[in-house]
Amino acid sequence: MNLAFDLLVGLSLVWVAWRIVGSRDHFQAVVLFITFGLILSLAWTRLQSPDIAIAEAAVGAGLAGVLFMDALGGLSSSPGSPRPAVPLTLLFPCLILASIMAIAVLFVPEDFLGLIPVVHGALTDTSLEYPVTAVLLDFRAYDTWLELGVLLVAVLGVMGIRRIGSISGSRLPAPADPVGRWIIRILLPIMVLIGGYLLWLGAFAPGGAFQGGVVLAAAGVMLWQAGHPSLGLLPRLWWIVLLFCGFLSFLILAFWSLFHSGRMLAHPENKLWILGVEYAATISIATCLISLVLASPGRCRVRDN
Amino acid sequence: MPELLVLIPFTAALLCFILKGVLRSLAALLGASLTFSASALLAADVYQNGAIRISLGGWDAPLGIGLSADGLSVIFLLLTAIVGLMVSIYCVPFFSGLHEQPLARHFWSLWMFLWGSLNSLFLVSDVFNAYVVLELVSISAAALAALSGTAASLRAALRYFLTAMAGSMAFLLGVGFIYAQAGTLDMFLVGSSGGDGPLMAMALGLMTVGLIMKSALFPFHFWLPPAHGEAKAPVSAILSALVMKGSFFLLLRIWFNVFQDSSLTVHAASVLGFLGLFAVIWGSYQAIIQSRLKLIIAYSSIGQMGYLFLLFPLVLTTVDAAWKIEAWTACVFQAVSHGLAKASLFLAAGNLIQASGTDNLRSMRNIAGSLPMTTFTLALAGISLMGLPPSGGFVAKWMLLQSILASGQWWLAAAPILGGLLTAGYIFKILSQAFVPGAEGACCKPVCFVMEKAALVLAIFSILIGFRAEEVIFLLTDRICAANPGGFWP
Amino acid sequence: MNSLLIYSITATSLFTIGLMGLAAHPNLIRKIISLNIMAGGVFLFLISLAYHPDDPGVDPVPQAMVLTGIVVTISATAFALCLARRITEITGSSRLEDKPEDTDS
Amino acid sequence: MNLNFWLPILMLSSSLFTGLIIFFLKEEKVGLRTVLNLTGAVFKVVAVHYMAYRLLVLDQIHHVSFSMGLGFDFALRVDFLSLMFLALSSNLWLVTTLYAVGYLEGSPNRSRFFGFFSLCVTACTGIAMAGNLITFFIFYEFLTLATYPLVVHRQTREALEAGRIYLWYTILGGTLVFVGVVWLQVLAGPLDFIDTGALQSLGTESHFSLCTIFLILIMGLGVKAALVPLHGWLPVAMVAPAPVSALLHAVAVVKAGAFGIVRVVFDVFGRDFAGSLGLLGPLAAAASITIIFGSIRALSQTDLKKRLAYSTVSQVSYITLGAAVIAPFSTVGAIVHLVHQGIMKVTLFFCAGNFAETLGVHNIHQLKGVARRMPLTALLFTLAAFGMIGVPPMAGFVSKWYLGLGSVDAGSSWILGVLVASSLLNSAYFLPIIHAMWFEKPVQQWKTLRQGLLEAPWMLLVPPVFTAGAALFAGLVAAWQWSPLGLARQIATGMGIYP
Amino acid sequence: MIWIAAVFFPLVLAAVCMLPGACLRAGFRMIFLAPLPALLLAFTTQGTAEFELTFFLLESRLGFGPHGKTFLLITSLSWLFASLFTALGPRGSLGKRSFCVMFLLTMCGNLGLVLSRDAVSFYTFFALMTFCAYSLIVHSKKDSAYTAGRIYLIMAVLGEGMLMAGIITSVFLSPSHYFDQISPALGSLSPGHPVFIFLFAGFGVKAGLIFLHFWLPLAHPAAPTPASAVLSAAMIKAGILGWMNFFPLGLVPFASWASVLMTLGLGGAFFGAMAGLGEREPKIILAYSSISQMGLMVFCLGLGFLDQNLWIMAGPVLFLLVFNHALSKTALFLGIEVMYSVSVSRGKKTWTAMLMAVPALALAGAPFTGGSQAKYLLKEVLGAAALSGFFSWVISISSGLTALLMIHFIRQAASAKKHYPCYAGRNMTWICLVVIILILPWIFYELYPRNRIQWMDPLLFTSSLWPVLAGLAAYVILRHKVYPATREIFGVLPGSAEIIDRTWHHLKHRLKTRGVMESLSARMNLVRFSDNFVQSKMVQKISHELERWFRSWSVSVFLFILMIITIALMAWTGA
């Protein structure tokens, strides 16, 4: 039974991807891309990695979709671009590449266990139970830190391109129909609640900093869609603190652990430190994502700082 | 303490974003000098008592991420430190000018982030970590390139960013394949576990092409000239002197640490060799027929990068270990002296553009009279690029030709010879302008004293390293940490 | 044909389709979309490696890698989109090389 | 403070530091610049003579070497041959500096000019004192760089064009020498000029590569020594001011090439080994072709300096010819011609410079009856011209004499034919000038551009008198032990060639 | 010390003349002092003295060769009279600095030439003399002088070139560059060796040999009188001296060379005399008479070549001939000048004509003169060489012809319409020169006591008298027809001088306009080739197209995939 389901998911993924590439209309491509994101999160659940499913759904489908839709709005609405010119000469090498990679995949050893035993062995001496969060925040904390750095740089980059110091003041016109406003007024508290719960759950069950942050970001963006300045309300300094708190927490941890125990990014015994870092990461992920969505449409700038 | 090299720039980046005006420049300069001294200390430490391997967060290799500072990475770190410090000193007056003021905040934070990510790239010893750092480098570099705000620069930055992302995706897939085969992510563990299966071959293919895309080797060089040509002078100096070297360093790590013992790399090396040869000739030729100064220098970067890729066929085919060291030293010297010379060339070009207002070569008429210091810098940097005797470039060309002749692959000799001639072609195309009597009316705005001195110091450095070859050879031979004790030289 | 095979083959094909998409459309948005597809493909490949139906469960390290990858990809996409919008605002066309670049001397 | 180590370095640094200091001198500080220049030059001349005394009398070997870490070391060694070239370049530097100071009175960019001028001389000193082929190459390239700004000093369009052509040739030559040196090092390891026999020890299978290396090296050096197909830059570079074409294109640069060929043939390969490889025949042929070609081309030049340039092209190949003939006399002839040609050619260029500077005369037709207006310069020109033709009392005859003897000794008397033909051709293009100067009536009214005590400013007259006197002296008292010929004989005996 | 003074004293005087104003005038007046030290040297030191000059020019050595003493006497005497003549004459054109200096330099070259005993210094002085003589020839700055000078220079330089080749080969073949070692070394060579050809031709140009004489008839009229006097008296003899120094005379018999010399000598003698008849200008006549006399000397030298001991007899004869010709030719040239200066009064003119006849007769070999003695001794040598039959007859005819030529010369000189100012001093020197010619046989006795002849011997008297009478008779008969007849017969040879001149001009013209190898060197310009290629529009267009082709996405993605495949496969095959 599982086999049929896997086949179905795999084929639909490939089919949607092919349709995205093949479609002439940009809007259609974006919509298809959102469905592609949802199917992908379906695949993640099938492969028993729930937190990735949540992240994919919220980011891959949600935020990316918003960004693309917003970008499409800004573009000169050229009705239909000419038939996508996939040059035939390109088709043939792509086929070869795909087949070579497929053959290579066959050689993956059957009893491939990867790092599972090592992680489980080391789980005992970290204060986190759930392996994924442990890997993320403890074993490979350096990766997470750099990844927060990437997020931060993306925000700085967008600021640089828009030549703005902060995102305060960007507002969208309020949606006309009352239904939209009412849905947002109900959904917002629920999403914030779920975000918090996911964050708290992360320590011992699938969830954690990323998922919480992403859900909170979705809430913020929804608020912004409703015409509310959401994060734009914050004064510039507060906004910066929220933006930097994740990256800064890791930095402080690094400095402290370097000078205290000589081993950078080694978490101290009591659990509080890791949770603190986790919460800060969530907040900064949410803020960064919201700022990315808010900052990119440059046209209705009210004033520059 | 290699970790400091990563921490200090990041803290400086945050500070620069928050602070304003003079405070910001102070923070930036402080950050730059601290990083410089940290990398100098690290270099001394490695020179004295060998390569350093640390595992972050206390978790050892298969699980946690490690940092490794050996001879090779220390040399590149020093290069980044020197160029970084000089560029920072150059940028303080550059960005305090009226025109550039709004960009200062973004420039300094992005530049510090880039410096920190470059330092971490040179210390990398985990494959996935390499991907994340590579991504961080690409985004900050693209953001810096897009700072000048003109349509052309934005376009160039986006083209650069898209190619970088495609490259990173291929790299990540390669990481996946390695993980599928070796089950671990640490470079040295993968290297020691060996494995010549199709998975590793696929991984090698993907990762190499990903990194070639990012270091602008011949077929994938199209994004570089507009990106470096349109960016601001200090930014293009950083891009072509350091960022290109970053992805090349990673390629070295992969080919000589991850695939250290595997026989996969023998045949593939000649492909890289030929591409390098074409890059040298194509880049230098293109540089001759350009008429805009920064484009000439940008295309010359493509040409000079070609020399580095000659390393692969030379090291992997010769049998005699002595000539391998020769080839290694040649490649490292070429990277370092090119980095220094290219940075000083771009900074000098920046001075010229600021003085004469236009980037066109004809605007450089009779600069010998008005900007003698800049002409002298251009001359010194040119000498180092051309590989004329007193310079580091000469040492590189000398050892390169020697190892080529010793390795018997005489067709590669075309690169240093023909390349050298073509390089002389465009260098003297620039220098001869200095002697052309300029139009009387050409107004020449005064260029800040500090900016000229920064470019000059870099040029002098690129000449001086020519004399200190022993230390570099020592670093490359005895201070290399390799997957298994057999070390670099199988 | 266990699930590892199915998913990794779909992953590689997604990667290839993404590459084709990159070359297919001159429009910038479409290129960024195809880049995301490539990313999706790569992550699928990573997770397909980590999946073991029964015994010790899913390997957390690839999951962590994919999570980090997703956040990196979204930030890169956001940055690229902002660049694309800025270009369209300035030059009015959402393509990269329709008019001869001014790089020609 | 053992002088053996410090003296060569002192030699090099004396002109290097004067050059660097002058670079950063303000344009107006004429007095200081001239004083600096002259003290540097005088110091160097004194140092050369002291070193000569130590070398010839006290038999001290001056050797300096420090390793560059690349498998070879930067070695400076002063032996008889280098002493000869050193003496030539340092004395002529002093003379030409004096001339240049007078010549460039009131012209722009003089700091830059004298800066690069001293750098060129440093390069020449380095070439002379190079202990191995690699150090020689380093200074060889340095010379190219230092001479380019001098060629384009006037910054006119043709000067720049000439500079470009000059660069094109010399960089090509430099690259060729580079390849040759590296290949030789790969084949035979680091070679000093002392151990000449090292190459014989290589097996016969490497003979082919040795021949190609020799060919590459000679072509590389031939660019600067103006062998026929590669001489294109010399006449074009005549657009440079007179002191530049005097010291550089007639003496320093061209001699560097010839000196290099002599070093390669005698010290690197060893003349007998090169002969056994059959390399010297074609070299002699190439040199003879250059001699004849240069002279014929000189015949058809109407511009005085161009004619002198082509005559330099042919005269320098005497040295190559001498080096290529396996006979003790021709070796001595080649080495002594190194100095004689330098002295005579410098005088010719000084006089040409004087004519151009004081009367604005460039063309040969304008030279008619110039002896009335400038008798001293005309006399000096005549003396040097007779030297070039090889008329006995002058130095030129001595070297032609020895070259002739050597060629007959080696049994290839066709070379004697070449020498005689070239003397005839020389007289064919020099005698009409002398005739026009002394015996023709002036065609136009002389407009004096520069006033001076005698016919021209004294600074322009003293140097040619000095060099012409030296040429006459070198010819008249050739038999003296310390005369150029005496030195050349000692060099040859040192090399074990001359009986 | 006397040696150095002899050779270099004229240099000192030349230096004095170089100085401005008063020194020049004083120098000019003292010009006659220059040859005195050489004359003193000729008289005082004994025949085989040597003097080492180790420093000078590759260890040169001065000294008298086997016959150096007489040669020195001859040269210094003729230089003495010429310089006396100039010193006492008007300061006008001859007083200029260029003439004085060059005159003294040529004198130094000539004296040094005679005294030098090694090839290098010989060649040095030879070159010095040749090139300074050029300036004497073109002194008058007339066009004819320039053409004469140019031809002289061309032939002199060609001669020098051949001489250099000859000297270098001969010096190489001998152990050292001293003459007393060169001639024996050359003796051991085969006669056909090129060194002989070079030396022969080299010195032949200077000695005015038959087919190398073109410059002589042009140079003499162009040069001022004292210069042409010395030119024909002393300088031409350098050729003879050169042959004597180099060729192994008296050591090895060279039959082939002997015949060549003898035929050329005789040819020269006859041609000189005949061609002279066709000229009007007295100086040209004298030039041709020099050619004929030189021909006679070459004939005598040729005799010397026949056999070693023959040279012992022929040597003194040659020197007597040289001595006699030198003095009489000087007297004749200076006589022209005196003739022109006294043409005012009829009486005086006849007196000078009478006096002029003395050297003329001496040349012709009239009885009681040096000439007759020389010719008589020559016949003796012929007798000894068993060739007396035909050749002695030929000798007599040549003396007759010379007599005819001399009479023609005196007639032309007397009838010339030139009026020069008369200077008593000059005339006096000329007269004592004529007296010396008269007492020449007795001087000769002191030099060569062995070949004393009896004056009163009737055979000697008749044999020397009839040719002179025959010449006189021939002149009286052919007086009217003499000039046109010989003109067109021998007009052809002087024409050949124009040939050289025209070829030289044609060559220069062709070189100037098209320039030899202009196209060749233009084509070989490497830089222009590279410019055409690098900057050519077509290549740039291609490269821009290629660049844009790389920039397009489809191509880059295609290459991207292609590269992944190739590297993966290459790696896979490698494993």
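Each chain carries a letter (A, B, C, D and E) given by its place in the written order, and its residues are counted from 1.
Just so it is clear, a contact is a pair of C-beta atoms (placed from the backbone, for glycine too) under 8 Å apart; a residue touches a chain by one contact, two chains touch by 3 or more.
From a predicted model like this one, the values you see are computed outputs, not experimental measurements.
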item	value
Neighbouring chains shared between chain A and chain E, ordered by label	B, C
Per Cα centroids, the chain farthest from chain A	E
Chain centroid nearest the full-protein CA centroid	D
Reference chain B; chain at largest CA-centroid distance	E
Length of the line joining the C-alpha centres of chain A and chain B, rounded to whole Å	32
Length of the line joining the C-alpha centres of chain D and chain E, rounded to whole Å	37
Separation of chain A from chain D, taking each centre as the mean of its C-alpha atoms, in whole Å	74
Separation of chain A from chain C, taking each centre as the mean of its C-alpha atoms, in whole Å	13
Residues of chain D engaged with two or more neighbouring chains	164, 172
Numbers and ranges of chain B residues touching at least 2 other chains	128, 132, 135, 139, 142-143, 146, 154, 166, 179-180, 197-198, 201-202, 289
Chain E residues counted as touching two or more neighbouring chains	551, 554, 556-558, 560-561, 564-565, 568-569
Chain pairs in mutual contact under the definition given at the outset	A-B, A-C, A-E, B-C, B-D, B-E, C-E, D-E
Contact footprint of chain B on chain D as seen in their complex	67-71, 109, 112, 137-139, 141-142, 144-145, 148-149, 152, 155, 159-160, 163-164, 167, 171-172, 174-175, 178-179, 182-183, 185-186
List of chain D residues in touch with chain E within their complex	164-165, 168-169, 172, 229-230, 232, 293, 296-297, 299-300, 302, 386, 390-393, 397-398, 400-401, 404-405, 408-409, 413, 416-417, 419-421, 423-424, 427-428, 431-432, 435, 438-439, 441, 475-480, 485
Chain A - residues contacting chain C, complex	2-3, 6-7, 9-11, 13-14, 17-18, 20-21, 26, 29-30, 33, 36-37, 40, 43-44, 46-49, 51-52, 55-56, 59-60, 63-64, 67-68, 71-72, 74-76, 78, 81, 84-87, 90-91, 94-95, 97-98, 101-102, 105-106, 108, 112-117, 119-120, 131-132, 134-136, 140, 143-144, 147, 150-151, 153-155, 157-158, 161-162, 210, 285, 288-289, 292-293, 295-299
Residues of chain B defined as touching chain D within the complex	326, 366, 368-369, 383, 388-390, 394-395, 397-399, 401-402, 405-406, 413, 417, 420-421, 424, 428, 432, 435-437, 466-470, 473
Touch list for chain E against partner chain B, complex	534-535, 540, 543, 547, 550-551, 556-557, 559-560, 563-575
